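Next come two complexes built around subunit A: one with subunit B, the other with subunit C.
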Partner chain A sequence: MNDANQSGHAIPWFTDFAEGPLWYVAATVFVFGVLWRIVGLLALGRGEDKSVPKQSGMAGGIKAILLHSVPHGGFFTHTAFHVIAGYMFHIGLFALLFFAAPHVDFLRERVLGFGWTPLPDWAFIVAAQISFAGLILLWVRRVADPVIRRLKDAHDYIGSGLTFLVMLTGCFALQESRPVLAGIHMFTVDIWLIYFPFSRLMHAFTFLFSRYYTGAFYGRRGVTP
Partner chain B sequence: MVRNTGIAVLCRAVFVCFVFSLLTVFSIDVNPASAQSPAGRDVSQGESLNGAVPGNTTGGVSDSEFWRQVRSGAAGGLVPLVQSQGDEWSRWRGPLQTYGGWILAVVVGIILIYFAIRGRMRIEGGRTGMVIPRFSLTQRVAHWVIAILFVILGLSGLAIMFGRFVLIPVFGKDGFAAIASLSLQAHNLFGPLFVPAVIALFITFLRGNGFKMHDLKWIMKGGGFFGVHASSEKYNFGEKSWFWWAILTGIALSVTGLIMVLPGLGFERGTMQIANVIHTAAAILFMAVGIGHMYVGTIGIEGALEGMTRGTVDVNWAKEHHDMWYEQHADEATPDVAAAEAQAADGKV
Partner chain C sequence: MSDTTAPQTSAAPVDVPSAVRVMLDQMGANIATWLDSCLHCGQCAQACHFHEVSRDPRHSPAYKLKPLVKAYKRHKSPFAKLRTTLGFPAQDVTADDLREWQELIYDTCTMCGRCTVVCPMGIDTASLVGLTRTAMVAAGLGPPDLLATADRSAEVGSPLGMTPDTLEDRIEWLADDYEVDIPLDKDKARVLLTVSSIEAMKYPQSIVAMARILNHAGEDWTFSTKGYEATNFGMLSGKSDVAAKMLGRIVNAAESVGAELVIIPECGHAYGALRWTGAKILGRALPFAVQHITEYLADAKAAGKLKLKPFAESITYHDPCQVSRRGGATQAPRDILAGFAQDFREMAPTGNANWCCGGGGGVAAIESATDLRLKVFGIKMDQVAETGADTMVSACANCRQSLDAGKEHFGWDKDIASLVEIVADHLDE
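Presenting the complex of A and B:
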């Protein structure tokens, strides 16, 4: 993000604000918010399961995590769309979030103190394209499918809409030539981080717990979920 | 992608100096005469010049011959940099911008005038509450993906093409520089996604979009835009033309776009310039009709949009706009909207 300085353009106050005070607030809310939610979730514990165990719940839990990550059970034609588009979106997003050169720089300079080898530029762009394609496909289907449309509420649209905005403003800033564009991207990142712990975006962390919980529940009863 | 403009400019300057020094060396190499004085005498040996200007001041080769060599590639790989076709390209680009701008402005003007005079085309008989499945989920997904790309690529493309004239007065030079940068990046990133989107549109909408004799009647009746009812099947002549127009200009945009966005493919600069001119022309033709399509699909015609969002249309809308299609599907009309939507989603349309 500090590349903005190198371009020789004055840093607007907005960029300073988004990369400075707002970023610290956002990062704090994100870290504490996520911890709060996860600790809260674990502290809830599980109610006593009075069923006679037929097999280990842990095996069922692990099986569920793995099994639900791939299409299974003869429903592929029904799930193909969201499995494929879902993987496109999430893998693309993961790659560009953690392996795009400007992100690796940011994590090294501002968060972790160390970095790793980033993707080459072209691969970063391809990852972004795949991710955008997946998100747009999922979004359009969400609006057009009569069942999914009725299941979704405002939070689903806010979460995915904010994610789209973060990605779009990132795309806008790709040339790294104008500090104000980096500032706009950073601003949307900050808002996204603040919204994250209080929203369904938490599924990035909680999906493992929920899958394990369901898997363990059924596994204990000898049923593959 | 230019990561750092300062360094990039410096590199370019160094490269240009390097190339020009090469050119100079080259012109000396291919013309032994160039090492001689205007009088043809060799002046390199420290011989007295008798008041003559030292060096080869008038050059040993005529300008036209020199540039012919550069253009024909004789200058060994320097053609892409020193290339006179650039002039031809800008001779095309200027008028394309002017006339393209006018075409788009006229289209918007006609739509505004039409809307001001005739207003929204209402469902005359009113809504019945009975619906018929019209577009499958696959069709709708394909349609909205390309429509989203159309908006992103259209806006960024317009900013790239006309921003200098339209946006600088509003946002100033600095503001425009930022808009130009973001537009270019968005255009380059989303552009390649347009290619599979065009293919998907072609596959999902091909059926029913073939021209037939009765389309002539629709044309004769002015497409129903002037108060006379015009009969049509699932797609009328206007829609069919839009389908083929979008596919043809879409292919042109895709091919020329890929040539420009993937320099690694090894196309020469001349090819890219031709690609650029075709891309611009195709984009204007695509947008000009696309704007009309957007108008009739949204505010222009009541009841059309829901076909593409929910997948179903009202029975009266079907009768008024696609009577021949309605006759074929009349028995599917139902007040159970959810069931009709499910049927449409399943592709039973």
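Presenting the complex of A and C:
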């Protein structure tokens, strides 16, 4: 069942599969799925607004993209839990995604052809802990808040659950002590990538357009909401 | 798509296919992206005055979008056809959805836009609720009193029954009683002034105030019996045909007098209707400029055409949502008050983050929404109490009547006033 690599460790067929054929399928579904969804949305078009603008809609759109990244409008005291947990989760996730040493290696060797200085292991651990804590806090709120309980559907849990599994298996694989752990991590990544375009994980891209459209709408009116 | 077999919760038939068609017809890239982007984070509930007073999760803005989200996912999402082809289409909108959501779409949303400020994705819920209202009307739903108000405005020219003859009589009476020149149906004028029938019928002194100010500023202006009603209950109710008819009357009147500028009186949604959506609804650029009366006053003051005696009372300003947050005329009233009001105190929050009065978006005309609307007034009472001001000033007749109703209900001891009337009372002539 197992092959052997140069260092003598057993590499399960499963790891080969997750890093080989399944990875190519997942990457293809991800890229084409994301493009299909974004292009499909944008292609719906908007009618021309013939009202006389007070200010530039485009400038308003760009302002809204930036402004909605931070708490504003005096709501922070009411939304602090979500905002702080959200920042913890996302910042930790981005640090792991783009600065974990194995990821930098993977992106250099398999995707981009170039790399950058990765995080040291201790920083990886800190980032992972912050991100896990953020995600768990968001889950606590998701379960505890009556509004979110009313809004929720299965995809809220599937998306965040898959992300949790990707992060968890990534931590297990960090020391590269067992190739199968890397294979399990890669398998969860593949599933996550395949699920991504069809899910709410797409907000990683659609936030730009959603905020822009609103910012442009209000920007013409001289307002940055 | 038809849902005639769904359990009936009322006797009225619900035309689901027409509702869905209306939803899809208006679902451009911006609408679809907003519907695609909600993360169910629930932060919008923190911004909604109805949720603030009821704590009912159904009142969270994101929840109000559900019928529209269903229509999007079933029919318009980039993956809708794929899902249908593979045999697991998303759920469609049902008659029960529309019946249940009628209350949420009409009674518990003033389309104030405050939830957009707090939304991490910046979703413009107010626009989406407005769209859903047009679908409700297509389905044969909607609050009967609000829909009747819209129909009355189309039939007789005004939601409160102010016909052209009534306007003429009222202007004649006001001009005589208050000894002010109020031009009506001049052949040509630079400015066409419009009126909110709420003002004309409930606060007629506001017409006198506007006339005094325009005369003081040396303006060449007129009212017109061809188009005078600025309020647009067609837009508020979701009756698009009535909305276009009401706007068409003003545009025709403005064109016939050759107006360069149409002034919207103290009315929030009327400003948004003509200034920001008029061109879209009529399908052509408007051949004149549009200003809210506060914008006109601020410009006149800056140009030295408005000489004012100081105003000493302690006041605070309630931002009408459609004038400030969704209108962009947030600064104009503050420019008017600067140096004029000797004791002006800002509320917290204020400006584009200010709380709604609770009666906007036609909610003031919906009887079934009264209890909740009055509870919302409690937020405003608290805001004003924190400022310590004796008088709350606003620049929207619809806010004013909602606030007056709250004042009467609670026996509130503060005064509620119109900014334009205060300015008119302090003209230095």
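The definition used in the following text is that the second predicted complex is superposed on the first by the 215 of 225 C-alpha atoms of A that agree within 3 Å, B and C clash if a C-alpha of one lies under 4 Å from a C-alpha of the other, contacts with A are read in each partner's own complex, and residues count from 1 in each chain.
We take it that a residue touches a chain if its C-beta (ideal position, glycine included) is under 8 Å from a C-beta of that chain, and two chains touch if they have at least 3 such contacts.
Since the model is a prediction, treat every value here as computed from it, not as a measurement.
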Side-by-side fit of subunit B and subunit C on subunit A, or clash: fit
Touched partner set for A:I125, first subunit B, second subunit C, both or neither: first
Greater residue coverage of subunit A in the superposed arrangement, subunit B or subunit C: C
Subunit B versus subunit C as contact partner of A:F207, first or second or both or neither: second
Subunit B versus subunit C as contact partner of A:S199, first or second or both or neither: neither
For subunit A as apex, the angle formed with subunit B and subunit C - C-alpha centres, to the nearest 10 degrees: 120
Contacts of A:R46 with subunit B and subunit C, given as first, second, both or neither: second
Which of subunit B and subunit C A:D145 touches, first, second, both or neither: both
Subunit B versus subunit C as contact partner of A:L137, first or second or both or neither: first
Distance in angstrom between the closest Cα atoms of subunit C and subunit B, superposition on A: 6
On subunit A, positions contacted by subunit B and by subunit C: 145-147
Residues of subunit B touching subunit A in the complex: 1-6, 137, 140-141, 144-145, 148, 177-178, 181-182, 184-186, 189-190, 192-193, 196, 309-311, 338, 341-342, 344-345
List of subunit A residues in touch with subunit C within their complex: 36-37, 39-47, 49-52, 54, 64, 68, 72-75, 78-79, 82, 86, 145-153, 156, 198, 200, 202-203, 206-207, 209-211, 213-215, 217-218, 220-223, 225
Touching residues (chain side subunit C, partner subunit A) in the complex: 27-30, 32-34, 36-43, 45-47, 51, 55, 57-58, 60, 62-63, 76-79, 113, 116-124, 127, 275-280, 284-286, 289, 324-328, 330, 348-349, 352-353
Subunit B partner contacts - residues on subunit A that touch it in the complex: 3, 6-8, 121, 125, 128-129, 132-133, 136-137, 140-141, 143-147, 168, 171-178, 180-181
